[in-house]
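Next, two complexes with subunit A in common: one pairs it with subunit B, the other with subunit C.
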Partner chain A sequence: MSTRLMVNMWGLLFSLLAGSAGAEVVVVVSAQNPTKTLSHAELGDIYLGRLSRFPDGTAVVPVDQRETSPAYTEFYRYHLEKTPTQIKAHWSKLIFTGRGQPPARVANDTAMANAIAVSSRAIGYLDSTIIDERLRVVAIE
Partner chain B sequence: MVVLFLYVTHTQAQVVDTPSVSFNGFGTLGIVHSDEDQATFVSSVFVPEGAGYKSEWSAEVDSRLGLQLTANLTPQWSSVLQVIVEQNYNGNYTPEIEWANVKFEVNSELSLRAGRIVLPTFMNSEHRKVGYVIPWIRPPQEVYRTVPISNIDGIDAAYRFRFDDFTNTLRATYGQADKTFPYADETGGWSTGDAQARKGLTISNTLERGGASFFAAYNQFHMTIDEFNPLFDIYRMFGPEGNTLANRYDLDDKRFEVITLGASYDAGDWFLMGEWTQMESQSLFADNRSWYVTSGYRFGTITPYLTYAQQRTHNVSSNPGLSQPYTEELDAFLQSILIFQPRQESLSLGVRWDFTRSMALKAQYDHMNLDAGSPGFLVITQPGFKPGGTVNLFSFALDFVF
Partner chain C sequence: MSGYAWWRLNNLNEMKRYSLSTETNIAQYWLHRLLEPAVLFSGIAVMALGVIWATTLNLANREQVSAERTAAALAMDIADTYEAQIVRALREIDTTLKLVLYSLDGKSAPSVLDDLRARGMLPPEVLFTVNVTDSLGNVLASTEDLDTAQQGVATHDYYRFAQQTEGMVVGMPRFDQESNDWELFFSRRAQGRNEGAAIIVTVSVHAGYFVSSYEPDVLGEQGVLALVGNDGIFRVRRTGTAISANRKVDYETMVAVSRDVETPAKLTVNAWDEILRYTVARELFEFPLAIVVGLSEAERLAAVKELEQTYLWRAMLASLLLLIIVILLGRLSWKLQRAQFHNMEQRVAHAQRVEYLAFHDSLTGLPNRAFFSQLLTQGMNHSRRYTQQFALLFLDLDRFKMINDSLGHDAGDELLQEMGRRLNGAVRESDVVARLGGDEFVVLLPKIEAIRQAEIVAEKVLSTVSAPFTLAGQELHITVSIGVALFPKDGEDEQSLLKSADIAMYYAKEKGKNNVQFSSKALNADSLERFALESNLRSALQNQEFKVYYQSKQDMNGRVTGMEALLRWQHPDLGLVAPMEFIPMAEENGLIIPIGRWVLKTACWQNVAWQNEGFPELSMGVNLSARQFLDKGLLDDIKTALHETGMAPELLELEITESMVMYDVEQTVQILKKIKKMGVRVAIDDFGTGYSSLSRLKDFPLDSIKIDGSFIYDTIDCTGNQKLTEAIIEIGRTLSLTVIAEGVETLEQLEYLRTISCDQFQGFYANKPLPPEEFAVAMREIYLAPQARL
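For the complex of A and B:
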C-alpha cells in the first residue's frame, strides 16, 4: 500500500508540475452566451446534474470529454475535487433510478470547441490553448 | 459493441434533444463465509439460500445482475425499465422487474412518475442493490432489513428547488407491493407466504449542498400476511379475550409506520454517513429502532471503511396469554414468536479497491453480536443453534457497472 501511495503522490506532483508548465483546463461557453462567471458550487452542481439553468435562467447543457482524456481528469480534479471513480459512482446512482444521464461526451478539445460554439445553452471545458473567438472563457469564483 | 454503439448514439443525441435509448447494467459477484453452521445468513427475508448451515460459503447472498433501458422520448417524457436477476423466494434466479415507470417532467422543478418505482424509505434505497455505488458489500442489514422491499407499484411526485447553493428534493410516493417470502414449515420443508403492503404512503426529503446530504422520510403502509393469521383464528375462538389478543398481534391490514433520518458527508478523500430508523406497528413484529454509522478514507484507489450498526426492539409487550385452561401451548407459541425477533449489533471492517474503470473489488469482515435470546438476522435455525452468540462473516465481492 505504501508503494501505491508513493506512486499516487508522484503522479500528483507530476500533474501539478505539468499544470503549471502551461496547459490549463478552462471552462467555456459560446460567445453568444452572456454568462461571464459561475461559482465553484454552481459549476459543480451543473456537472453533477443538480442545476439545470445558467444564473440568467436559461437552460444549460453540460458537455463532457471522454473519461480517458487528460482534460476530463484535470477538470474534475481541479473544479469538483473528485476522481473519475467518484464521478462514475455518482452517475451510476442517478442512472439506475432513472433520475438522469451523464453529460453528452465529445472526443477531444477540438470537438468540444465545435460543440460549444454552435449552442448558446452548452457549457464545456478544454485546454486553454484551444480557445478561439467563437468561445468565451467563464471565470470560476 | 452494441452497448458502446447505443451509448455513443445516446450521447450525440442528447445535445440536440432527439429521442434516445440508453442501455446500462450493474452487477455483483460475491461470496460470503459464515462461521455459524447451525443457522443460515441470507441477504433478506425473501430468499432461502445463504451461508452457514448446509454450506459455509455462499455465492447466493450478494450476487446479482441488473440491466436497464432508459428511453428519453421527448425533453419531458422518459421511461425506465430495470430487470434484476438475483436469488428469489424459491432459490431460483428468475429475472424480476425492479423498475418499470414513465416519468413526466412538468417543468425543471416538478416531475411525476407512474409504474413500478423506488420506495425511498432510506437514504440509499434507490441504489441499495448497485454494489458499485455503495461503500459496503451490502447495506447495513440492521437498518435496511427493517423495510426489505425496494420498489412499489404506484405513483410519485418529486419537487426539486434550489436556494443559494442548496438543492432540496421533496418526494411523495403512493402505492402498493406484494412480495412472496419463504419460510421453513413444521415438516422441515419450505412453504411460501405472501406479504401484501397496501396504501403505502412515503414522504421523503433530501437536502444537498456540495458533499453534504441530509435525508428524512416518513413511511406508512398497511400489511397483511395471511399465512400468519390461522394462529389468530384459533385465538378468536376463545371469545372476547381471544379476540382482543388476536387484534393486537395479527397481520390483517395492520398499519406500520417507519421514520428515517440520515446524513452523509463526502469530503473527497474521506466520507462519513449514518442513518437512524424506527418502525412501529400493533402486530407480531416488535417495534424496533436501528442505526448505523460508517466512514471510509480513500488512499488513491484503496478505500478502507468501518461500520457500526445495531437493531434493538422496544415496547416489547409480553403476551398476557389467555386465562382459560389448556391454552398454555398456544400462548407459549405466540410468546416464542414475539421473543424471537432480530436484535443484534455488528461491527464491519472492509476495504474497496477500484482496480480498474467501472469495477471494484471489496473484502469485508462482519462481527455480529446477537442479543440474548435472539437469532439476529439468521434464519433456518437448527436444534443445535444457540441464540445470542456471535457470528463472523467473511465476504468478497466484485462490483461492476456498464
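For the complex of A and C:
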C-alpha cells in the first residue's frame, strides 16, 4: 500500500513537473477503435503479454517504445508501476522459456502515432502533445 | 533343644529327592525368573525403547535418503530443462547472427537492420541488441540508437575473437553502468570475404535472460543457475535474485563432476561461494559453454531435518513416557510382590508356629508326646536297620503333685521348665528329651552299646536334678525317679517300650524314689498287678469297697478313752488290702483326697452314732496323709464333716506323721493353728521315726504324741529303746502333751509303760482294729467288765 502511495506521490510530483512543461504520457488507440476506457490491470496485462484482447473481444496489438525514449520510462512507471529492469526481467523469462514475445517497438512518439493510426487493433502510449484526430486517448481507470 | 539325628537324616533324604527334581526343571526355573516383574518390565522396556528408536532412526534415515534422491533428481530435471532452453536460446542468437550477415551482402548495414526489424526477424529489442561493425571495429549499424552505440569496439574481446574465429564467439560479460546490468556478447564474422579483417555482427544480450528460468520456488534462495565458458569464466550466474558474472573457476574440475548426462547430481561444495549443493555441470555440445545447476543442500533438506528433529523429539518423549510408565508399573509390582512375600512369610511363620506348637510342649519347649512318638518310631526303625539298641529313660518328679498343690501352679510350671533345662543340659546333643505331660519326662539315648552307658546318663540326670532349686523364694530339693527300658530287649514297639520304662520308674518310686531302675521281665510281671490295683482303686470309692476299722485307745487302767479310725480296702478279688499297699498309690495319683474326706466323715458319723447309742464321749482319731494335710480344702472338709455329722470338735483328733510336720515347719504351724482354732485336737503319729527337731516341737500347737510301735515292740529287750521311750514321755510331760504308746501287744509291755507313767496305750493287747459292729460289741464288753483283763 505504502509503495503504491509512494509511486502515486512520485507520479503526482512528476506530473506537476511535466505539467509545467505541458507534457503527459497518455494511452492511445486508433480513432476507429471503440475502446474508450481500460483499467490499470487490463493495460498492464496487455503490455506484459497476459491479455491479447480488448474488452470488446477484438485482438489487441500493443506497441512499445525504445527504452531511450522519455515516454517509455514514464509509461511503465506511471501506468504499470514497473521499472525498466523489472520489464527486462519479465520478458527475459517469457522469451527464454518460450512463452511469449514482447510488443514491437517504435523509435519515438511520432512513429508511435503513425503506427497506432493505421491499425485499429493497436494500442500505444505517447506524449499527450502529439495526439491528433487519428488517435483516441483511452482513459485508464 | 537336642538335635534329632533320625529326623535330620530323613530331611536330608527328602532334600536329595527335591534337588533331583529341580535339575529337570532348570528351564522352568529360568522361565520363572524371566517372568519376574523386575526382569519382565525391564525387558519389555528395553525392547520397546529399541523398537521406538530403531523405527525413529530408520524413518529419519529413509526420509533423509528420499529427500537426497529427490533433490538430486530435481537438480537433474532442472538441468535437462535448462540445457534445452539455453541451447535453443543460443541457436536463436546464432541464427540471428547468420541472418544479419546473410542479409548484408554488400548492402548498407542500417537499412538491412531496419528492414529486418520491420519484418520482425530480429529478436526483441527489450533484451537483444544487434550491432554491425566494420573491419576497423566501428559500429556501422545498431538496433539501439547510434549515438550510444557509435563507439569503436575494436578493442572488445568478442570483436577480436570473432576476427580470428569461424563461427559464433561468446564474449566476456560486461557490466553496463547505465542499465546496471551484465551484458553478454555473441559475435560472428562474415565468411570468406578477405584474408584481412571482416565485418562482424554482434548480438548483445541482457545477461539475466540466460538465468531467467531461475524459479525461487524450486531453486530456493541458495540455488544456482549459471552459464560458464569453457575458459572457466562465468558468463552469468544467478543465486536467489542476485545475478553476477565474470568470476573464474576451474572448468575441468567442475565439468568433470557430471560429464555424462546419466551421471546424477553430485553433492559438492561450490568453489565460488562455498555452499554445499547438489550440482550438475553439463557441457553444451554445440557451444563452448557449460550450464551449471545447483540446489542448496541446506535448503532442500531443511524440511527433512526439521522432520527428523520432530521424530527425535517424539521418540524422546515416547521413551520418557515409557520409562515413567515402566518405573511406575515396576514400583507397583514390586510393592505387590513385597506384600505377597510378606503375606507368605507370615503364613509360613504361622504354619511353622502351628507345627511347632503341635509338636512341642508349650511350657518347656520340649518335643511333646506326639512328636516324641514320631521320633521314637524313627529311632526304632533306625536301630532295627543298623541292629543297634537304644535306651529310653522314663522320668517322674518325686512329690511333684505336692509341690504343685502347696506352692501353686505357677511354681509348678517354673519347676517343670527348670527340669527341662536341666535334663537338656545333662544329656548329649544327639539325645532327645521330651515331656509327655504332667511331670513325666522321657529321654531317648540313641546307639547304646552297653547298659552301663544308660546308667551313667541316668545317674547324671539324678545328680543334675537334685541340685537345689529356688522356687517362689524357697529352696527346694527335687528328685526324680527314673525307669530305664532298652530297645529292643524291653519292648519292640512304642507302647510296650514305654510301658516297660514306666513300670521301671514305678519300681524306682517304690524303692524310695530318687533312684534308677532298669526294666526287667520280673518287674513287668509284678507291675501288672499293681496296674490292676491302681485302676481298681479309682473305682473303689464309688463301689463302696472301703471300710473303716476302729482300734481303741485306753488309759493305763484299761479305761477306753477313744479310738482310732483305720482305713481298709475290701477288694472284690484280692480280699482285704492293707493300707500300706494302696495308700502310697492313692497319695501318688491324688485319690487320697476324696478317700480321706470319706474316712473323716465316716469316722465322725460313726462316733456320733455311738454316742447316740449311749456310748460315753470317746475321742476319734483320724489319720491325715501328707497330701491331705497340705490340701487347700482340708479345713473346709473338716468343717463340713463336723457340721454334717454334728460331731463335737474336741472329740476329733487328727493324726499327722512326724515327717509331714518337718517337711515345711512354717506352713505346718499355720495349718495346725487353724485346726486348733476349730477346737479339733492334733496328735503326732509315729513319733520318734521322723528325726524331728525336738526344739521345734514346742512351736507346734499339739495335744498328743503317739510313740511309734517299733519302740514299744523292743522296749523289753533293748535298753536303747527303753531310754528313748522314757525320754519321749518326759518331753510329752514337759510340753503338757498326752503321750500314747502304740503297738502294745503284751502285758509285759503295758506293765513297763505303766512304770514310766505313759498316759495311754493302743494295740493288739487292748484290741486289734475291728469293723464298727464288732468294735461296738467289744466296747460293751469292756464297759461291762473294765478290770477283767488287767
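The rule is short, and it goes like this: the second predicted complex is superposed on the first by the 121 of 141 C-alpha atoms of A that agree within 3 Å, B and C clash if a C-alpha of one lies under 4 Å from a C-alpha of the other, contacts with A are read in each partner's own complex, and residues count from 1 in each chain.
As a convention for this text, contacts are C-beta pairs under 8 Å (C-beta built on N, C-alpha and C of every residue); 3 or more make two chains touch, one makes a residue touch a chain.
Because the structure is a prediction, the values reported are computed rather than measured.
J.: Answer with first, second, both or neither: which of subunit B and subunit C does A:V29 touch in the superposed model?
T.: After superposition on chain A, A:V29 lies in contact with neither partner.
J.: By residue count, is subunit A touched more by subunit B or by subunit C?
T.: Comparing touch counts on subunit A for subunit B and subunit C gives B.
J.: When the two structures are overlaid on chain A, which partner does A:I87 contact: first (subunit B), second (subunit C), both, or neither?
T.: Second partner only.
J.: Check whether A:S52 is in contact with subunit B, with subunit C, with both or with neither, and answer first, second, both or neither.
T.: first
J.: Does the superposition put A:S39 against subunit B (first), subunit C (second), both, or neither?
T.: The first partner, subunit B, only.
J.: Is A:A122 touching anything from subunit B or subunit C once the two structures are fitted on A? First, second, both or neither.
T.: It touches subunit B, and subunit C stays clear.
J.: Which of the two partners, first being subunit B and second being subunit C, lies in contact with A:A71: first, second, both, or neither?
T.: neither
J.: Which of the two partners, first being subunit B and second being subunit C, lies in contact with A:M112: first, second, both, or neither?
T.: neither
J.: Contact-wise, after the overlay, does A:V61 reach subunit B, subunit C, both or neither (first, second, both, neither)?
T.: first
J.: Kindly list the residues of subunit A that each of subunit B and subunit C touches, one partner per complex.
T.: 67, 84-85, 88-89, 92-93, 95-98, 101, 104-105
J.: In their shared complex, at which residues does subunit B touch subunit A?
T.: Listed in rising order, the residues are 10-15, 22, 24, 26, 66, 68, 70, 72, 78-80, 82, 99, 101, 103, 108, 113, 118, 126-127, 130, 132-133, 162, 165, 167, 208-210, 266, 268, 298-302, 354, 357-358, 360, 401.
J.: Over in the complex, which subunit C residues touch subunit A? Could you list them?
T.: Checking each residue of subunit C against subunit A gives 85, 88-89, 120, 123-127, 144-145, 148, 179-181, 206, 208-210, 212-213.
J.: Touching subunit C in the complex: which residues of subunit A?
T.: 64, 66-68, 84-85, 87-89, 91-93, 95-98, 101-102, 104-105
J.: Provide the residue numbers of subunit A that touch subunit B in the complex, in ascending order.
T.: Per the touch definition, subunit A meets subunit B at residues 1, 4-5, 7-8, 39, 41-42, 44-45, 50-53, 59, 61, 63, 67, 81-86, 88-90, 92-93, 95-99, 101, 103-105, 115, 119, 122.
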